[in-house]
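Working notes for the structure below.
Letters A, B, C and D name the chains as they come in the text, with residue numbers starting at 1 for each one.
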């Protein structure tokens, strides 16, 4: 690497370390789960090393990986799920950072829904996802079956991507979320926006059938 | 501005920055959502710049805005929802600070209730809202339909205000809360008091229908 | 006061300030709610001033109050609920510190239960309440109707106390909890233990009717 | 002890103190509940003293205990539940650290399930438990009835262990969890992984019966 690209890699590493502390404080990467990456160029990215706690990352835990399709080249042991990160970079040329997290809410929500996609509508927070300007539009979040075969998962992500654009995130059933953006800050905003929308929708699912009509009507005498 | 009013603006900016940290720690302004303001005089206020994370504000993110009805004059790009802040200052001459927040609970609650107003009764915490001295009175929280047209929303707020006094807060459906007070501290107290009341009421709605009679009766043998 | 008792008062003030930070971080004293006290002797105690945020107390916010029955003598404006603190000191000679808190869980729980007392049984955590050595005994938590008349409330507390011993805590309906102990640490332990028991019981009430038999049986195939 | 083993004991004490702060911040050891240990050799371990708050441990609160079956030898007063820690060390020769915690979720979950074991399946997070490589396998968590007789409880743990291997954790009904590992870090990972799985399963139990078919199907029009 040139000095310039080394400096850029070092800056990205620091930003990922800082993001990891915030994500860990939200309890979205428990038990050494989750993995993060940032793109260096069209065929290289930084990715977190396997088995590290994502709230206590150090610069040495960010590994440089070179990829081409399913082939990954890396000194050290990168996250087992690196292939999904590189798939996102291949499919979305604007993607510069990817966060894969394991929250309680995404894990449970993804298991409850037996459909390939879930429709969000009526939330102002939909505007936190790039390209959305109103609560009145539909936002369709893909849900993909879990697999321990990363190449198979990557192929499904590609099929789903080609069938329909993804809202900078998808869920893996019983597993967690992938969220990305064209900067680390945008990836964080997409992550936090989607976590908010999913937690709201879980609460709405829970409360709606328990709501008697008089309460729906404002409990007015 | 005179030096005196500059000092006042600087002090207000610092207080908003501090309040923003606290509000962000409560997770009430996720994903760069929400916006805050403080009144400078009858036609000027400080308001947070668009797109900034409200937990990491800096003094430069507090913009001075001059308004007259729907006309807003500002160097820089203020929050898109500034018009609702100035509407509150126009309607309530005692209002000195306004917090607009996006919590999970206000978002879900405002979508569950199909009524223009929700009645709170029986909570000691009602006394945290200025002018309330007993849990036995009714406290009526307005709920307004969401819109991306700020002038239309401002007009609805005015109609609702003229029809009935507002308890220093209202909800926008699927969107969040506006809360205000005659100091920044009072606005914070109203915000926290209303969040408490709404979270309690959501739990009560959820639990009441699941409660068998023997448990209502104290589970005594 | 003698120097010795001044030093003791100063130490107690510091301990209350520290406890207040911890209680506020748990969100049990929102919106300037709640009040705390520590006994100085049989007829004097320190009590928090009215309207202060309990997470940011200073030494000057701890007022010395002298009492005799319903008569309270104090320089400054103590909490409106001081009379309940002194009532606890009068009734329980071992009480040295009292915390009155407003948590979501105690507020909701106290409104759901239509009985003067609620029975807890089967929790190891019952042992955190002094005098309890097994999960197999019954622990009866009193619930008292709310009132804005402190002398009336104090009289009800006395009647309930004389009818049956209290487990170092009682609830006021829609309002919150009073918890005490013979040291500040013991009062904190009783507060935390009761909050735990009440939150567990709310979850159990919520989940039991939703539990199909196959899940109760461990979801074994 | 030799200097080398003294250094090791000191290092382990520090690691337990640090772990205790993290566990306490998660609210898994409220009201002075819970107890922790680390193995020194086949017949000695460090264990937390009785009645201490586990978020504020000091080196002197870690007591050295020597054991042989039900006989425990210790200067000072170790946790009343020390016998269960030593039982785990006797049964699992790889165990080097044990955390016993009292979370809301383990307490409630263990009371809801009327079965000796609960089956977890379909969670990626199962891989946080050593030896598990896929979400498709079954992970069986033992649940044991609570008792104040530690020797009786230890005997039940032995019977259950001999009947079936334990996934580095078990629950005691209405009481909490024991989790262990072959390092302090692994014990923390098992603790956090199991807390995650139990909280997910409680949410799934709660939400599944409230889920109408159209929502299960992704709420697509």
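A few notes on this one:
We take it that a residue touches a chain if its C-beta (ideal position, glycine included) is under 8 Å from a C-beta of that chain, and two chains touch if they have at least 3 such contacts.
Please read these numbers as outputs of a predicted model, since none were measured by experiment.
Under the contact definition, subunit C and subunit D share no contacting chain.
For the pair subunit A and subunit D, the fraction of shared interface numbers is less than half, so the two copies use mostly different residues to meet. When subunit B is laid over subunit C using CA atoms, the rotation angle comes to 90 degrees (nearest 5). Rounded to a whole number, the gap between the C-alpha centres of subunit A and subunit D is 30 angstrom. Centres computed as Cα averages put subunit A at a distance of 43 Å from subunit C.
Each of the following residues of subunit C touches two or more other chains: 206, 208, 210. Because contacts link each chain to exactly two others and close back on themselves, their graph is best described as a ring. All chain pairs in contact, by the document's touch criterion: A-B, A-D, B-C, C-D. Subunit C meets subunit B in the complex at residues 30-33, 102, 104, 107-108, 111-119, 143, 146, 148, 172-176, 202, 205-206, 208-210. Within the complex formed with subunit A, the residues of subunit D that make contact are 122-125, 128, 133-136, 189-190, 192-193, 195-196, 199-200, 203-204, 206-208, 210-212, 215-221.
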